[in-house]
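In the two complexes below, subunit A is the common chain; its partner is subunit B in one and subunit C in the other.
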Partner chain A sequence: MSFLPTILNGLMVGGLYGLFGLGLAFAFGIMRIVNIAHGEFIVLGAYIGASLLSVTHMPLPVVIALVAVVTFGLGWALQTVMLNRMIGPNPVPAMVATMGLSIIIRNALVEYYGADIRAIDIGPLQDEGVSIFGTSIGVLPIIIFCTAVLLFVLMHLLLTRTTLGRAFRAAADDFEILETLGFNRKRVYAIAMGLAVTLSAIAGLLLAIRSSYSPYSGVERLLISFEVVIIGGIGSLRGSFLAGLFLGVVQLIGLRINPNSGPLFGHLAFFLILLAQQANLPGLFIRRRT
Partner chain B sequence: MNGPISSRPIFSANAGLIGGILLVGALALSAVLLPVDRRLPMEICLVLAMAQGWNLLCGYTGLLSFGHQAFIGVGAYTLFLVVNTLGISPFLGLAFSAVVSAAVAVVIALLLKGSRDAYFSIGIWVLADCLRLLVGQWDFVGSSQGMVLNAPDIDPATFGDAVFWAALALVLVTQFAIFGLLRTRFGLGLMAIRDNETAAASVGIAPGRSRVIAFVASAVICAVAGAIYYLSVLYVDPAGAFDIDWQIRILFIVIVGGAGTLEGPLIGTAIYFLLREFLQDHGGLFLIVQGAIAALTMLFAPQGLWGLIQARTGWQLFPTKWVTQ
Partner chain C sequence: MTLLELEHVDVFYRDLQATFDVSLKVDEGETVAIIGANGAGKSTLLRAMIGLTQCRNGRIRLAGEDVTRLRCDLLARRGVALVPEGRRLFSSLTVEENLLLAMARARKGPWTLGRVYELFPAMKEFRSHRASDLSGGQQQMVAISRALLTNPRVLLCDELSLGLAPKVISEIYACFDGIRKEGVSIVLVEQDTVRARSASDRLYCLLKGKVRLAARSSTVTPDAIRDAYFGETHA
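Then we have the complex of A and B:
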């Protein structure tokens, strides 16, 4: 048995893991806020998308766009109503508050949709495949992977070519200077959180199309996001993308070797890298503003 | 020793301590005397002990751990392993839980040595998840099926009471040992590190070592409490013992009651169990309310309920703050 299909599939999933990490890193890099509810927003994207698909029968791209709009609003509201009041050198209040939010979302999903594991059915596209390097790869994973790459490219253009993107990067470096230039810091933060949640929710919807999900998937997806951030570094799109690919491959190979291992191999790979980083690159770790 | 005696710093409001001792004593006495099923009082004692242990870490060193369920699981599994293989008394087995969890905590402290803030919080969460998955793969402890305690010398008539006394002893020792610890030079050093690490280091306090000691102490308390809990049900499985819900419970209690105070977890525990008893027929509503209260506390009273009360009144039932007389 060749590992090539596993590796290719790992890369396809990895693109989405990269988006998970990008969303988390984006919020952390700009606002120093660790959104513990990140995994729940990823799952929420899947549930909103699935409901829209089953109720309205709209084409998938339209549903993705609608999920993006809704989740952007959620992220924006989260930052405006709650997190903008907790900005400061102490990261604990925001982490605990988003932890509380994650419990609310998780259990609200259980109450409303039930705790069972679901999958999204989008018709015949799911079963089609093409042959690459002599192995068969589904068309759907390829489309999903291309969508993930497209989102990375769009984020790159946003951050480098637009005023808003420059404001984000400036906010990450020094928000006081940003304010002297006439930007409203809290509004920039709200848009950033909206974008972070949108990216993750779209990735969550795409992941749900090619695998299964339940209200309890959020914890595992948060941990994956965080591992991507640590492996890839904060403030690097390419880092997040490559780290996502790496974790995707490691996880699927792990599941091939031991089908019951769940995310164990990803966790272990993450710890090896964490230890290597601690030995060599202390600069990668958080530097607290003083 | 030249200064006038009247300017020596003393602990403020030592009179409050009498109130604190009376309160804890009354609670303990009511748990002992009230002729009710002792399972709930036992659980209250254990969860309070875990909360005080976690509070020692979060409230007094500022390290927010999302992975203390690891120690609850390690404590419980160690107990079951030594009792089932060595055939010793379960209550002797608790000592093994303490030792093994301390060793695990030291290893985790080494692994996460360079990690601060969110990196520590989620790093330890990932480690706890690793332990859950590894134990779930380990056939000798029943993998994901869990294992049953084989202790033939247990007398069903007195076992429930014995476990309750162990839980009560643990929470009393924890409460007063942490109180005593915080009044020593070491405890004052911990609070100094939390408030200003650079300043603390400049007067000769070792931040790294103090944090590790607090971390190991909190791990051992959670491990012994977890071991007693699973001893009382005579069965342990990885999904339950390494469940993040343990951590959420502890976090809720400490944060809502007031982190960094010894009174806070008492209030938090009371709120947690009152909420649970009132909402137990409403399924997921209890958890949703719990999450909402935690989030609202962070918005409107980040110091927790006891923090609010203390700011208004200056009360200290367990005085650990110094004032100059």
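Then we have the complex of A and C:
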């Protein structure tokens, strides 16, 4: 019994986990906001995408683009209407507010869509496979993985090559000085939150295509996001990506060993890494910005 | 012509009143020094001038326009720039990224990347270094260049000499002639009264948040500065 397909599949789920973490880390790194509703936005991405797919029958890339636009608007509005009023040295008000928001979104989803567990069906593509290294692997997971990698690369380019990206990094360093250079802090924050939510919602939609989801999946997704951030570090794209891959692989190997384990093994691995960090052992992917 | 004018300004640092009824003005192309001991309210006054701290009473005018309640980023775009105390470079960005960011929302004007590298030729050598890896003097060059690249009408400089070697301070001050030539007004906040006096056209001395002395730098006597700096008890 070969573990190779399991590992490959784990890597492909892991790319999405990396995106979950990236979104969370982005909001925290730039604005010091811990978005507790992060998991709900991930699930919301799946529901919006599923609705668009079933109502309009548009091709998947178009749906992904639409979900990106809509969720960017949601993140932007969240920051402009609510969180920009709470920025300051104390991170707790924003945490409490987003926690409240997470409850609202979750229950709104239950009210509108019902509490049942769903999966997105996108037709024949779901069953196609190719042979790599002598093992068969789905075309869809490969597409999803490539999308995740593409998003990471785009984020890297944004952060290093554009004024907006430099402004994000500068805002994390010293937002007052950024203001003295003529940047509207609240607008920079709104765009950052829009991007953070977009990344996660797209990842949420892609994950929903290959596994199941319900209005209550948000909590689990949030937990994974936190684990990715803690393992991978806040300021590091590569750290988020590698941490996501790690968790994905561990989780799928765990499922292979015990099909009833759910996400247990991923959490256990995370726990072990926390212990290793406490013991000052060099962690697997620990990277801190200096 | 008066470029920047403060009228009866009270600024608070949190709940503490830092300045009392301060009035001062800066003419176009003029260099004005604000001196005073630690805690005299100099830095807080500068923060008010660029809108980082709102003043509670009084008015601030920029080229005749009332800018008292204007947000910092809007003031910056109208031509106020700050070289902050302790430099405060964006430490995770490279030197050149710091400079590029300043150019992104800049006004039109004489300062370009080429011009600031002319002003500080040494900066070219460490342009791709992280800002956090520089020495204090190098950081100060970048901080001044960053402020200049917004093409300000008035440049606010907070404690340029803080933590720098005397030789480096002299180099930094030497470049100010080149900056003045472009017609920029400069506000220098300094604890070093000798240097502030020799570099400025006029000076104000603050004591416990109040203006104790306003004079032309060329005619004011060291005794007068000393009395205003330390207060009556000294005399």
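The rule is short, and it goes like this: the second predicted complex is superposed on the first by the 279 of 290 C-alpha atoms of A that agree within 3 Å, B and C clash if a C-alpha of one lies under 4 Å from a C-alpha of the other, contacts with A are read in each partner's own complex, and residues count from 1 in each chain.
What we mean here is this: a contact is a pair of C-beta atoms (placed from the backbone, for glycine too) under 8 Å apart; a residue touches a chain by one contact, two chains touch by 3 or more.
For clarity, every value in this text was computed on a predicted model and none was experimentally measured.
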Item to check | Touched partner set for A:Arg166, first subunit B, second subunit C, both or neither | outcome: second
Next on the checklist: One more residue to check, A:Thr180. First (subunit B), second (subunit C), both or neither?
Outcome noted: second
Checklist entry - So, A:Phe28: does it touch subunit B (first), subunit C (second), both, or neither? => result first
Checklist entry - Between subunit B (first) and subunit C (second), which does A:Phe271 come into contact with in this model arrangement: first, second, both, or neither? => result first
Checklist entry - So, A:Val219: does it touch subunit B (first), subunit C (second), both, or neither? => result first
Next on the checklist: Looking only at contacts as defined up top, I'd like to know whether subunit B or subunit C touches more of subunit A.
Outcome noted: B
Item to check | First, second, both or neither for A:Glu111, with subunit B first and subunit C second | outcome: first
Checklist entry - Hey, what residues of subunit A end up touching subunit B and subunit C alike? => result none
Item to check | Residue ranges of subunit A touching subunit B (in the complex, touch as defined) | outcome: 28, 34, 36, 82, 85-86, 91-104, 106-108, 110-111, 219, 222-223, 226-227, 230, 258, 260-264, 267-268, 270-271, 274-275, 277-278, 282, 285-286, 288
Item to check | Interfacial residue positions of subunit C with respect to subunit A in the complex | outcome: 50, 52, 71-73, 76-77, 81-82, 84, 88, 90-93, 97-98, 100-102, 104-106, 146-147, 150
Next on the checklist: So in the complex, the part of subunit B that touches subunit A is made up of which residues?
Outcome noted: 58, 62, 64, 66, 111, 113-119, 121-123, 125-127, 129-130, 133-134, 136-137, 144, 244, 248, 251, 255, 283-285, 287-288, 290-299, 302
Checklist entry - Taking the complex as given, what residues does subunit A use to touch subunit C? => result 163, 166-167, 169-170, 172-174, 176-185, 235, 289
